[in-house]
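What follows is one structure encoded as structure tokens, with my remarks underneath.
As written, the chain order gives the labels A, B, C and D, with residue 1 at the start of each chain.
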Amino acid sequence: MDLFFFLLFAFIAVACAVSVVLQKHPISCALSLVGTMASLAVLYLLLGAEFIAMVQVIVYAGAIMVLFVFVIMLLNAGEESSKGRSWIAKIAGLPALAALLGILGYAMLTFYPMVGPKASLVHFGDFTGGGAKEIGTALFTEYLLPFEVTSILILIAILGAIVLARKEID
Amino acid sequence: MEFLIITSIKLALILFVFMTTLAYLQWVERKVIAHVQVRMGPSRVGPHGLLQPLADVIKLITKEGVLPPHVNTFYYLAAPFLSVFFALISISIIPFGTGVEIPAFHMGGATYGPYKTMFELADANMGILLVLAISSMGVYGIALAGWSSNNKYALMGGLRSSAQMISYELPMSLAIAAPLLSIGSLNLRQISDAQAGYSLGVIPHWAIFAFPAPQFFSFIIFMIAAFAETNRIPFDLPEAENELVAGFHVEYSSMTFASFFMAEYANMVTVCSIATLLFLGGWQPLWPAAYGSNFVAPLIFAGAGAICMLHGMNPARPFDRITLPVFGVIFFGLAGLMAFPPTVPILMPMFWFLGKVGFLLFVFIWIRATLPRFRYDQLMGFAWKFLFPVALANLLITGFLVALVS
Amino acid sequence: MDPQVLMQTLGKGVPTSWYLALSAVLFTIGVAGFILRRNIITVFMCIELMLNAVNLSFIAFAHEHRQVSGHLFTFFVMVVAAAEAAVGLAIILTVFKNRSTLNIDEIDSLKN
Amino acid sequence: MQNLWLIPALPFIGFLINGILGRKLSKAVVSAIAVLSVVLSFGLVVSVGLSSGWGEHPIHQHYFTWIRSGGVDIGWDFMVDKLTMIMLMVVTGIGSLIHIYATGYMAHEEGYYRFFAYLNLFMFFMLNLVLGANYLLLFVGWEGVGLCSYLLIGFYFVKKSATTAGNKAFIVNRIGDFGFSLAMFLIFITFGSLDFGKVLSAAPGKPVEVLTAIALLMLLGATGKSAQIPLYVWLPDAMEGPTPVSALIHAATMVTAGVYMCSRSAAIFLKAPIAMETVAIVGLATAVFAATIGLTQYDIKKVFAYSTVSQLGYMFLGVGVGAFSAGIWHLMTHAFFKALLFMGAGSVIHACGGEQDMRKMGGLKKYTPWTCGVLACASLAIAGVPGTSGFFSKDAILTAAYGHAPWMFWVGVVTAGMTAFYVWRAFWMTFWGEYRGGDAGHSHDHGHAHTHGHDDHAHAHNHSHDHDHDHGHSHSHDDHGHDHHGTPHESPWSMLAPLVVLAFLSLAGGFLFNVPKFLESMFPLHEEVPNEEMLMGVSIFAGLIGIALSYFMYVANKELPGKIRKALGGIYTLVYNKYFVDEFYDATVVRPIIEGSTEVLWHGLDQGVIDGAVNGAGTGSRSIGGVLKHLQSGNIRSYATWVVVGAVILLITVGMNGGLIR
């Protein structure tokens, strides 16, 4: 069952991610990204992170991506123009990406082997420490300072957004 | 396997009842508004127009679905589907009663059961968050419909809708958070159960009355935000007929058009159910059973049956002579069922829950009949400059009071 | 790797490394989008994709070590992403207003 | 159960009320709050004293843990033992009297509420200093009283000399506080605690070198706060503050904090003979030095300021020779008579309408008989006339000094004679002879001889322009001189009553409070010294000689001082200008620092090295950037690709070095 869900949603996630990169129209990209995020939320559930899964949907898919869609619709952005050039991206881009993926994959498989005595398995229900209570407790004790700092960051972001948006008016 | 069968049965039942309800909600709305405006409302199709929904459905299904040439076909067709999908899926999490237990029984030589099931499709641990998550996804349907129609009115509607829904989600979440502070659970069933009991013997422990922090303001904020989230008057700017010629669904027709309406009514039912569960104590009766709250339902139904009978004896129209007594008998039967001791613990919670939801739905319709529409800047200003601060202050005070008591 | 052993293992659960590999793949796809795409909004979305990939590995590590800290990192990443989206999209709006283009290759006033 | 915390809390409440709301309150309310808070505090002290047998059964109260970090564990603890009891009585008792006095003295000042708020704050910190059961709390009080002292010296902040004097007091004290801080660090390192109980009981077992270092550093702190050589220079200037402040802070209480600290740390000092010797010598030197300066001053407050410095020197002499109880005794009697002297001086200045130069006084005894009488009592006491309070305490110190080293006794006796001389000189000049003030023509030219601390007295009750004082008191000095023709007047009773009480205490304090006996359990009585009667006789004789000489010079034969002044010539100028110590400090310390920082830090380091480095960095990066700018295509995707390439290289490098091998 775990394997089935993992494979299904991993496939959806990757397919949507590829679609983000390959789709011509920004709206399609945005909706593909929502698909990736939603399937990631399911994977989070499988990993026992129920609260984060919900927040992923509410915040990422439900708010941030709506903002993206909103802006795309507002600008009525069409398909992108193919003007511009970057010789380095053309030459080094794909090899570098392949190397990156290779190294990351190698590292992960080295440290977390698939089989053998050191293999660690994810089984739904193994880890139940991802509820709202646990997160809240950790957030307001151990991570209180980062939490407060983040709130200040958000305040700054609001101010920045307002300042930038005011220009639009006048 | 057993679980799958029971769930399938529940699914079928809920789907049937729910879809019928959605169809009849339209009828109720038309009737209520008509009576508010001192009109008759639908009365031609069937007795008191009771068959009107059926006629509407048949009309919409058989109408030709126009696919305009200038639209983005994929998203144009996906949008109504998304809307209905997200609207219906959240119903599956909402508990609407305590549950039923069927003792083991013999049939045909084999023993079945015992069976025990709760009145809901899925008991989600984070039910309230899940509902929020799903409802926050609902905006995509409207936004996409607006955008893919390739029509400036539709686009305006879609833009308004996405901005409005993001804005009102904030006060709504904050209003939800306040009662959760004192209840201490995210599970909808536990939330409702936590509101059982009475102080001083009569005042129910519903969140809007609860000690130490009555959530009355939270309830009001939630309801206002709910109006906005469901695009209902006075916040129906995305579909404002006289500004945007029906807004985001201007290019839709037949079943695709009906889908948006279905989604709207389904969302209404969802938010009313959530409001009931969170603030009005779910299926907890208004006063204790010791003081006879269990007799309310039979009395109401019996009264309805008696009125039907009375009118049946003196019919206004020829066929009322048959239909009204039939209804009267049905009502009496229901009243008997409600008074029948073994079914009381099963039906009473459901009655109270549905009664409260029905009342809130009535409020929705009532307000639609009463209030004019907001202007767009007023709408946004109201959300950010009034509702949001008030919700924040309410949350703060609630948290303070809860911390003070505990 | 012995296929039979692998199948046995998979019957019990999914190896953590698969989640991590998925995260790596998604991250790389995000980077690829960043390098290859020219629409500034799409590029921005690719950044979000990378953040999501990293979040997945955080959650996987949290499961691996049975600690809630990974969830909190993810939480903070989400909050920062929300702030970033608000400011970033405001910037994009301003840029579009001033230059009427969303092609990042044409937005190069800082050159030289 | 007595709540010790209430003792400092009451003045603090007074401070809060007056400080926050004072502007809105009437003067009567302000003074009622200020006086009541201190008097109540005094009442509490008395009740604590009664219940604890005047410190016989020490009280120790822990309120909360203030700092806990690593090995540091400091609580907010108050304690009362006999030593604290004496200090508490002196601080709250004299504090109450001075508060009452100040209501009359400051009646017409602008910033009335501010004055009392500061004064109450001072009481809070002083009581904290005295009550604190560890060195850090003592230090809190120590710094707090320093702050209040600064605020009150600069009370007339529109006057430049006052703010300068405030700054001077603050900065000079910083040097002392530096020493005290170091002492605390050393104590903490050595003892692992700052609690008096733990430190003092553990002191005998520690190495002498460390204890000596601690004691010497404490002495440095004490010389700052208690105005000893070499840091005494701020105290005479502090007379810029209103006279009640001079009486309370710069004579009776704050400046004695150093003596209190040394006595409190007796266990440390007793184990550090070198430090004790240093204390004694510093005290003695200060006593003589300040006394000689006092001989020549004309400003009445300056005379008493140098007298304070000198008397503090006496106390340190007592501490240094091991007679802690004698030092404390002198602290107490000195608080009586010096507070009285200052307040009397204030009364005189008040009477003369802000005049401080004794050359323009004279003959005041017929205008201000009460003031004259009480000042006579104080002068008798400070001169050590037998039977007065000063006699007992001074004699106790001198006797102990003789037991320690006879030469110290003789120097002390000479100083006692000088003390008697200059105090009585001031007395005769002020009260005897003819009134010399008020004649037109010289009211402008006295500004050079003394600082301008008299603006605070620029009022008179029967004044024609009482009303505009609220606006212009700070520059009304000269107007004042003219307005004050010839009619010195007695002060109101709110000022005189405290004076009378203090006069009684000055005369009888020695009989009433036998401090060495009281403190016997803490500081053992000194061993008997041979020829005690002879020593006593010598010191009495010195005091009487001083009085007689002053009468002879300033009453009987008025030309004599002028002749002596001419005869001494250079020496007189030297002493009159306070040995040019301020100028010496200015030349050796202040100027080198200014010059050094200008030349070395500003021109050399900042402009040369730092600016050079910055400019160099700028030039360097520009030339490097000239090469690297070709990389900057302005194309974001190129940058991103570079980042990816860099990341790959980094990962490979890390991997090669074993980072990816398990």
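The rule is short, and it goes like this: a residue touches a chain if its C-beta (ideal position, glycine included) is under 8 Å from a C-beta of that chain, and two chains touch if they have at least 3 such contacts.
Here the structure is a predicted model, which is why all the values come from computation and not from measurement.
Novice: Looking at chain pairs C-D and A-D, which one is connected by more C-beta pairs in contact?
Specialist: A-D
Novice: Report the inter-centroid distance (CA atoms only) between subunit A and subunit D in whole Å.
Specialist: A distance of 67 Å separates the two centres.
Novice: Could you put a whole-Å number on the gap between the CA centroids of subunit B and subunit C?
Specialist: Computed from C-alpha means, the inter-chain centre distance equals 37 Å.
Novice: Where the CA atoms of subunit A average out and where those of subunit C average out, how many Å apart are those spots?
Specialist: Spacing between the chain centres: roughly 4 Å.
Novice: Going by the contact rule already set, what residues in subunit A reach two or more other chains?
Specialist: 51, 55, 63, 67, 74, 84-86, 89, 93, 97, 100, 104, 111
Novice: Can you pull out the residues of subunit D that are in contact with at least two other chains?
Specialist: Residues 633, 635, 637, 640-641, 644 of subunit D touch two or more partner chains.
Novice: Going by the touch definition at the top, which pairs of chains touch each other?
Specialist: After working through each pair, the chains in contact turn out to be A-B, A-C, A-D, C-D.
Novice: Quick one: in the complex, what on subunit D touches subunit C?
Specialist: Those in contact with subunit C are residues 629, 632-637, 640-641, 644.
Novice: Which bits of subunit D are touching subunit A when the two form their complex?
Specialist: Contacts found on subunit D: 633, 635, 637-638, 640-642, 644-645, 647-648, 651-652, 655, 660-662.
Novice: In the complex, go through subunit B and note every residue touching subunit A.
Specialist: 75, 125-126, 129-130, 132-134, 136-137, 139-140, 143-144, 146-147, 155, 158-159, 162-163, 165-166, 169, 173, 186
Novice: Looking at the complex, which residues from subunit C come into contact with subunit D?
Specialist: Counting only subunit C, the residues touching subunit D are 31, 34-36, 38, 43, 104-105, 107-112.
Novice: Sort out for me which residues of subunit C touch subunit A in the complex.
Specialist: Its residues touching subunit A are 1-2, 5-6, 9-22, 24-33, 35-39, 41-42, 44-46, 48-49, 52, 55-56, 59-60, 62-64, 66-69, 71-72, 74-76, 78-87, 89-94, 96-97, 101-106.
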